[in-house]
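In what comes next, chain A is part of two complexes: it sits with chain B in the first one and with chain C in the second one.
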Partner chain A sequence: MRKLLGVFGAICGATAVLAGPPEFQLEIRDHLFFPAELVVPANTKVRLLVINADPTAEEFESYELNREKIIPGGRKAVVFIGPLAPGEYPFFGEFFPKTAQGKVIAR
Partner chain B sequence: MKFRACAIFCVAMAGGVPAWADGFALDRVYHPYVEPMEREIEWRMRGYPADADVGERLQMHQIAYGQAIGERWFAELYAVGQSEAGAALEPEGWEAELRHQLTEQGEFWADWGLLFELEREHGDVWEASSGVLLEKEHGQWSTAVNVSLGVEWGRGIDRELETRLAVQTRYRRSPLFEPAIELHAAEDTLAVGPAVLGELRLGNRRSLHWEAGVYAGLDDRTPGRSFRAGLEFGF
Partner chain C sequence: MLLTTVVLVLREMLEAALIVSVLLGWSVLHGRSRRWIGVALVTGIAGAAVYAVNAAAVSEWFDYVGMEVVNAAMQFAVCTALLVLAARPAARAATWPMLVAVSLAVVREGFEILLYLSGFVADRGAWSTVALGSALGAGIGISAGALLFYLVVGLRRVRALRVAELLIALFAGNMAAQGVLLLIQADWIPGGVQVWNTAGLLAEDSVLGQLLYALIGYEATPSIWQVTAYAGVFCLLFVFFLRRPTRADGNGSGP
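Entry: the complex of A and B
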């Protein structure tokens, strides 16, 4: 029984590793980010799927997160962020910086 | 080594190329990232003063245009000029460069890329090289490592392999100002020194990136003091 539990534990562990970091979605629509405030777990690497629903390109940019990623119109892109210390990390869209703004909140 | 030095000297005498310029491997440290739709005009210079213990002063200038090809490749074409001992700047050759982003930033333990270069110098001397680009982020710090292997051939010189290593650790203090320390190593170069980097946003997807560094030679083949600087206008 103990052996069986050990095998089960190993499979669960392997599945967790294979599953990769937790995924969060961010959508760009009408040159705005949705959600504008994205809460992610602190001290954990996360996979951010950025979906650009606009016909024009946009760039997810954040000096605080050390990330820059252009997403052509109607396309998706993956941005890996973290592990982040608890706090707030602003980001913006460089093509439409006046409207496309948001922040990642790590807690 | 002695034969190579003689060969380079012969080319230098025949073609007006300073013998030392060939081995002066101080250059920009590359990062393994490509931005789709990115275009840039770049100017770089590097050199050493007259009292750097390796002969006359030298300045090498490069002007380039580059642009992204698709989502993972970036191509850049350079015109190279050189000025020795205070003489006027003269055309020296050209370089073509291809950079490839292998992994998504932050996905793995480190970020990886590749760099391919082809150079033609005055005097029908060619050099082709390929290298690995690595970047590791650690909090506010980021370390970039470039390792490359090249082969040089042409009139008057022996075909031979050359290796280069460049390491840059920078502190991400603010977009405008990032202090760094760099190490450059190659067959005739071993230098270390501080550098500063920064980027000024000009709006409407335009930016001006700048870099500058001063270095101390760590052996008698390297200029005692050398420098490099660069400007990139991205649009």
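Entry: the complex of A and C
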């Protein structure tokens, strides 16, 4: 019985690790963020995959999310955010802040 | 684009200029040669170029959080170098920990500026604006560093040493907290609870907020682990610095 429980526990643990935090995608194109408004679940840690489709580097930055991350041109990178209280969290591209603006909405 | 460039270059320059001027002041106060600073700057700029060239590859390490891990490692190395500097009164004027701290600080800040500038290589029309912005940002940053240097070395020696010690301890605490934040961002360590929220009182994106961020690592919404790392390293350095050199150390500010 204990052996069986152990196996069950191991499977549960492995599933949790494999599943990980839910993933959301953000794309940078022509110095704009797509989507410009990203809805994520509140009170949950989220894996944000940022794909930079521009040839130039960009820095994903947000004072509200406490995040700052460079994504080289034509590459992708991962930023973990949250768990967030419900609300809006603006972010911007520090290299092209005039156009690269967006916000995370936690619901 | 001009303003964006000035702000970006200045932000990166301020943090590096702070540690450069404080450690340069420190070696002058200890009567050491300033020659190490040239070696540190050249090493740092070369390192920044190597990092910028390999940024794309590094970025994809460790399941796309490579930059966080590498940058955190650099922050902790700066922190360790400053702890080594403070740990033994006899070794307070050793140049190699200062060389390590300054060159890594320059790698970190310089790499970001180089990646930003690399975006304009193909855009000839933007060159003059970006060059002017960089020159302005760098000029203001270097001036701020020079001002701090002369403020520190201009004080009476004992007071100057205390001020430099305080600034070094604050800087090391800031590096530890930034390193921890990077590991939280990479999901290598848990986020922990938010200790305070002073965004309403002093926004991080305000001019004062930015300045305090560069000087002492001000955060409007820090995690418990950032605060712990900051306070821990700051206190440790503070305690180390309290141990005054004795005459037996042969390096004292003795009679």
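Here is the rule we go by: the second predicted complex is superposed on the first by the 91 of 107 C-alpha atoms of A that agree within 3 Å, B and C clash if a C-alpha of one lies under 4 Å from a C-alpha of the other, contacts with A are read in each partner's own complex, and residues count from 1 in each chain.
As a convention for this text, a contact is a pair of C-beta atoms (placed from the backbone, for glycine too) under 8 Å apart; a residue touches a chain by one contact, two chains touch by 3 or more.
Small disclaimer: the values here were computed from a predicted structure and weren't measured.
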{"item": "Three-chain arrangement built on chain A, chain B and chain C clash or fit", "value": "clash"}
{"item": "Chain B versus chain C as contact partner of A:Pro72, first or second or both or neither", "value": "both"}
{"item": "First (chain B), second (chain C), both or neither touched by A:Glu23", "value": "neither"}
{"item": "Chain B versus chain C as contact partner of A:Phe80, first or second or both or neither", "value": "both"}
{"item": "First (chain B), second (chain C), both or neither touched by A:Glu37", "value": "neither"}
{"item": "Partner chain in contact with A:Lys98 - chain B first, chain C second, else both or neither", "value": "second"}
{"item": "Chain B versus chain C as contact partner of A:Glu88, first or second or both or neither", "value": "neither"}
{"item": "Partner chain in contact with A:Thr56 - chain B first, chain C second, else both or neither", "value": "second"}
{"item": "Comparison of chain B and chain C by chain A residues contacted", "value": "C"}
{"item": "Overlap of the chain B and chain C footprints on chain A, listed as residue numbers", "value": "45, 57, 59, 63, 66-67, 69-70, 72, 78-80, 82, 94-95"}
{"item": "Chain B-touching residues of chain A, taken from the complex the two chains share", "value": "45, 57, 59, 63, 66-70, 72, 78-82, 94-95"}
{"item": "Interface residues, chain B side, partner chain A - complex", "value": "33, 35-38, 104-107, 137, 142, 172, 174-175, 205"}
{"item": "Chain C residues within the chain A interface of the complex", "value": "1, 4, 8, 55-56, 59-60, 63-65, 67-68, 112, 115-116, 118-119, 122, 181, 184-187, 191, 199, 203-205, 219-223"}
{"item": "Interface residues, chain A side, partner chain C - complex", "value": "21, 45, 47, 49, 55-57, 59, 63-64, 66-67, 69-80, 82-83, 94-98"}
